[in-house]
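Input: structures, listed below.
Next come two complexes built around chain A: one with chain B, the other with chain C.
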Partner chain A sequence: MKSKKILYLLLVLILLSTFLSGCRTKDTSSDQSQKDKNKIATLSYAVWDKNQEPVMRKLAEEFEKTHPNVKIKVQLTPFRQYWTKLETEANGENVPDVFWIQGPRFQKYAKAKLLMPLTDRIKKDNIDLNNYPQSLIDLYTYKNDIYAIPKDWDTTALWYNKKIFDDAKVPYPTDSWTWDDLRAAAKKLTDKSKGIYGIAAPQEDQQGYYNTIPQCGGFIISEDGTTSGYDKPESIEGIKCWIDLIKDGSSPTSKQLADTQPSNLFESGKLAMVFQGSWMIPEFTKNEYLKDKVDLVVMPKIKKRVAVIHGLGNAIYSKTKHPDEAWEFVKYLGSKEANEIVAKSGVVIPAYKSVLQIFIDANKGYNVKAYVDELEYSYMYPHSVDTAKWNQIELKYFTQVWNFQMSPEDACKKIAEEMNEVLRNEKK
Partner chain B sequence: MKKDVHKFKLNYSKILVHLILILGVIFTITPFLWMILTSFKTLTESTMIPPIIIPKRFCFENYKDAVSTLPFLTFYKNTIISTIAKTVGQVILCSMAAYSFARIEFPGRDIIFILILSVLMVPGQIFLLPQYIIIKKLGLLNTIGALILPGLFSAFGTFLLRQFFMTIPKELEEAAILDGCNHFRIYWNIMMPLAKPGLTALAIFTALWSWNDLLWPLIVNTSNEKMTLSAGLASLQGQHLTNFPVLMAGSVLAIWPMIVLYIIFQKSFVEGIALTGTKG
Partner chain C sequence: MYLKLKERANIPKLEKSKKYNTMKSKKINDYFWGYLMILPTVGGLTIFYIYPFFKTLFYSFTDLGTFGEYSIVGISNYIRLFSDTEVWMSLKNTLMFTIISVPISIFLSIVVATLLNSKIKGLTIYRTLYFLPAVTMPAAIAMVWKWLYNYDYGLINYILSKFGIEKIYWVSDPKIALYSIIAISVWSSVGYNMVIFLAGIQNISSTYYEAAAIDGANSINQFFKITIPLLTPTIFFVMVMSLIGAFQVFDYIFMIIGTSNPALKNTQSVVYLFYRSAFELGEKGYASAIAIMLFVIIMLITIVQLKLQKKWVNY
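And then the complex of A and B:
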């Protein structure tokens, strides 16, 4: 009995001590904020990608070297929780001073006045926005103000497994390929007895129909962001071309692709070709099985050459306590020097155009230039204020199309109707 | 003759029971085995189709990578401190509250109890924002205290223990009053020892929930020095690419204390869960 009492007492003590330790840390943090007011500005920089964290830390260190009065704290939150955290912090008015933003969520944040407009500062400091792809500048412009400096970008290209092509005696894809060439080759490459498919036609937006719809001459959202383009016959073509590949038997069914991601099939030598975003470069070129057998080429042309581009931006919290220091940091992150460091890491494609050669050289042996070539005809990632809402609508109907429960025509009409409704409500 | 038939029947049903149990074991143990096997694979092996079950070479590099990219010792420390504090806090605070709801008549008791119960009806995410703002106003953001404070008390624990206390015969208490016990003595010396199965169940649930809690630590704390295991592990997931072998190695490192704890307290675990199954 006595020993039990001692145990309880001990536990109570632990409990109390944690409380006290909590209080103590509170004191130190207020000490720190005291110091901030005097001299050193501490900026928090929120990022979500583990693979890029080391590069981001390096950039922060480099910046601190030239700015001894600023300290940067890089905060890594996994992508899935990043936005929940940011929204909670926004309600508590405690958002990180500088943070990554992505296209689909940008307008929502700009509209909620969480982002600091950068237009005047850009003019004052003579930043040349021509150093970045125009479509990314457009992406982060809302009502004539720019709110983020592009950080990186990604497009989609066609990867292929040379060994499967050699075995089937089919010539490799070239940059003059059309969709018909792709379709014919995929048919020839498919060998069901070996479990090999010519290509994967997954239900994907950025790596799929966001490219083919404009390639057929359609569009997802009008340039002024008021109407959906899904009911245009050209847009429907851009969906049909994927379904054709499944009908041909050249692609696994959507059910099979739901079980196993196309990238995994490709890495296992079960796919001859696959459309993949540029973020897959490190994955494929470091894969022991693939690295000697793989290369890539620009997407085949349908009616014209178009590639959807998306990229992240560095944005500043509108209510940051250190707007000038935060701007200095964002300016540094967008500088040629910082982009060179990113380019050398080879993890993502840097936004600064003149350092792209460094990125290409960092991936010798692979035609990663394909991604860069697509820049010329790239168009801004489709988005509006409530992007997530119509993304849900796309998902709902396209799942039925990919499972052959609905025709592409019917689905696209439905999507256009519901998406227009969402867009109308946005304006209210 | 009769006996033989009976014996045969018994064996038959035993085989059936065992078959079902073995199936259950396979279902529950496969994910664990898969996690352990994956933690020894190379990245290439882990993405192969058809899946490679046994890695060619057991590589421990994944464990090295996990430990070198994440401060595991700090994570252990933070997780253990917050788990112990929350568990002790809940057992003491909830049992005190439960005792007063079960045994002391005071004005407004039922209304307060209904209020506490209503907390159970609301999904947890709704508290996220108000709790965050409270923690911020207390100046506790990015501290261990922030991990602990909202988990010190729970409506669930109060409800569970109140129901448990209600089942303890009143006569025991009356005898204690005759002997001159006050409420605190009754609570501490009579009710608490009798409520041990209920307390164990609550302790187990709290510990498990605290160990696995993901969203709250990620939202309220920002630096690695103040993260828990589950939150720290989640950061190994990239947006597009995840090194699963390293993630699995980290997961093995994160769950072994709970498995050891389970093996030690297996009996209480089963009893505790069976208990809440019937009472809760």
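And then the complex of A and C:
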């Protein structure tokens, strides 16, 4: 009995001591932050693209020069883990002060009140939102409040390997190409004895069917975000055109592409053409083997010209300890000066409209203007609150379509059914 | 490391001696120090295992979303679990994975351990080589195997083509991908199990072998009549641990099978499904129900194993 008492006493003591020490550290930390207000505020800035990381660091350094009381820590997390990490951090209320946000996740984060509304601060500091593409401002607006300042945007264009075209004596793609031209050229360029394919038809949304579906006259999600457009015959056309390329034998099969990414095939000279987003510019133009052999052109037209556009935004965590400093930093990231630095690096298309020419000049020798030209007929990346949920539905059925286990018609009908269900539940 | 493993392999024996000790009346003082010594472990277990377990159990009855908001929904997660074909498919995959990988791994480990117990040149080099996969990160193993398995540029298909065999979609053919993953898992687990078996084999007194040799038993007879029966406690331990590990397979599948891989449906394990539901779809309540289901299955199988051990394990 005595032993038990001693044991309990000890346990209680240990528990108490941990509680007390826990309290104490908490106290000191809040004291610390009180003092920090006059001293140095450390902001963490979460990003996911390693190609852009050096530029982001440079921006942070420039900002620190003019704001000696702020320190910026750039945190790089690979995209596949980025959101998992952020969500875990959100549960522990330990989210980075400033972080990149993308369209498909934005509404979910805004709805969960994780983002700081910026509308009032924008008004107070007289920031002209006309400097950014309107579609991006709309993307980051939720219930009349804007929650992120556009950082960049991206579209998809057709890259081609000039050497493979020369060897096969096929003229290079032009601005006036149609899908049929693409299909015919891809057939001619394919040389299976050398392991060369004309084009890759991967199961991709932004670099794939999100472009071709509206080009055929269909849509993914209605403008009010309540219904799926997958059961429209035009939408089904936008899927079929990719499957045709595989059937022709001009594209590697879906199994092959699961083993080796299209961009890797292109970089090793096994692919004559590939659809790639603008974030791939540094990847291709800095590749020793590839850089003298490639160029790009706008996507071929099907029924009409449409390109899906998506852009990232810089958002502030709603419970940040340093809201004012974080806003100063986000304001700087959205400024003309910061966008010029991004444009000069040439790694990504900056959101600030008037610096686009600097970006085009920074990539001399490549027709990166193709990405900018597409802005004119672009439409916003399809999204709703639970985008991730219907993205999984697309994935599930299209995997079967791409492997010829299901017809595009059946798959699209199924996707529309299940996606409508998700959209209905969202509104609840 | 070596000694520790040896101790773990002999856990049943230790428990026996403990029981014997409790029969003797011990001084209170001893208990106090005993409890104090286990306190850090018990504390850690409580904070990192027992508390989260009950939390998960609780969440499995809620619709916990991405950012921690939830309401209690009763058993609807479990009802959904039983009607979800993906759950059944992933259970089937996990079972297949376990049934094939565990016996092969144990068999190969015993064979390798026996071979490496003999006096051959460069023994330590072989032991190190076989143990290397156990100290390599699963992510690194997965990346290397992914390239070996590559359809167009992989080494395996290249060697096969030299023999005139057609290329195989190792990780994207739904019929083959699971076996490719099993091969990696067996390859990486043999080394670890081998060390435990080696400890078990070296624990067997050499007098048995000497007596058997005098009676005229050859080495194969010795292996089956002496080594295997006396190794059963170790086999039992390795089997229990490998089964639990196999049921929780995740890393190789996550690293090798991409989200648009046509073989995903046929390779997705229960833990992979849990990961996707919790972190990609943000349905943490439903994911908790999946985790609880897996826990119950593993628990039942382990109980059955513990009951059956009396039939075949010699102490």
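As a working rule, the second predicted complex is superposed on the first by the 392 of 428 C-alpha atoms of A that agree within 3 Å, B and C clash if a C-alpha of one lies under 4 Å from a C-alpha of the other, contacts with A are read in each partner's own complex, and residues count from 1 in each chain.
Simple rule for what comes next: a residue touches a chain if its C-beta (ideal position, glycine included) is under 8 Å from a C-beta of that chain, and two chains touch if they have at least 3 such contacts.
This is a predicted model, so every value here is computed, not measured.
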{"item": "Which of chain B and chain C A:260 touches, first, second, both or neither", "value": "both"}
{"item": "First, second, both or neither for A:66, with chain B first and chain C second", "value": "neither"}
{"item": "First (chain B), second (chain C), both or neither touched by A:84", "value": "both"}
{"item": "First (chain B), second (chain C), both or neither touched by A:392", "value": "second"}
{"item": "Which of chain B and chain C A:226 touches, first, second, both or neither", "value": "neither"}
{"item": "Touching partner for A:282 - first (chain B), second (chain C), both, neither", "value": "first"}
{"item": "Partner, of chain C and chain B, that touches more residues belonging to chain A", "value": "B"}
{"item": "Which of chain B and chain C A:178 touches, first, second, both or neither", "value": "neither"}
{"item": "Chain C-contacting residues of chain A that also contact chain B", "value": "14, 84, 91, 260, 270"}
{"item": "For the chain C and chain A complex, residues of the former touching the latter", "value": "28, 31-32, 35-36, 39, 43, 66-69, 149-154, 169, 171-173, 258-265, 276, 279-282"}
{"item": "Parts of chain B lying in touch with chain A, wherever the complex brings them together", "value": "42-44, 47-50, 81-82, 84-85, 88-89, 92, 128-129, 132-133, 136, 138-146, 148-149, 214-215, 218-219, 222-224, 234-242"}
{"item": "Residues of chain A touching chain B in the complex", "value": "11-12, 14-15, 18-19, 21-23, 25-26, 29-30, 44, 48-51, 73, 75-81, 84-85, 88-89, 91-92, 94, 96, 260, 263-265, 267-268, 270, 277, 279-280, 282-283, 286-289"}
{"item": "Chain C-touching residues of chain A, taken from the complex the two chains share", "value": "2-3, 6-7, 10, 14, 83-84, 87, 90-91, 108, 112, 114, 195, 202-203, 252, 254-256, 258-260, 270, 388-389, 392, 395, 398-400, 402-403, 405"}
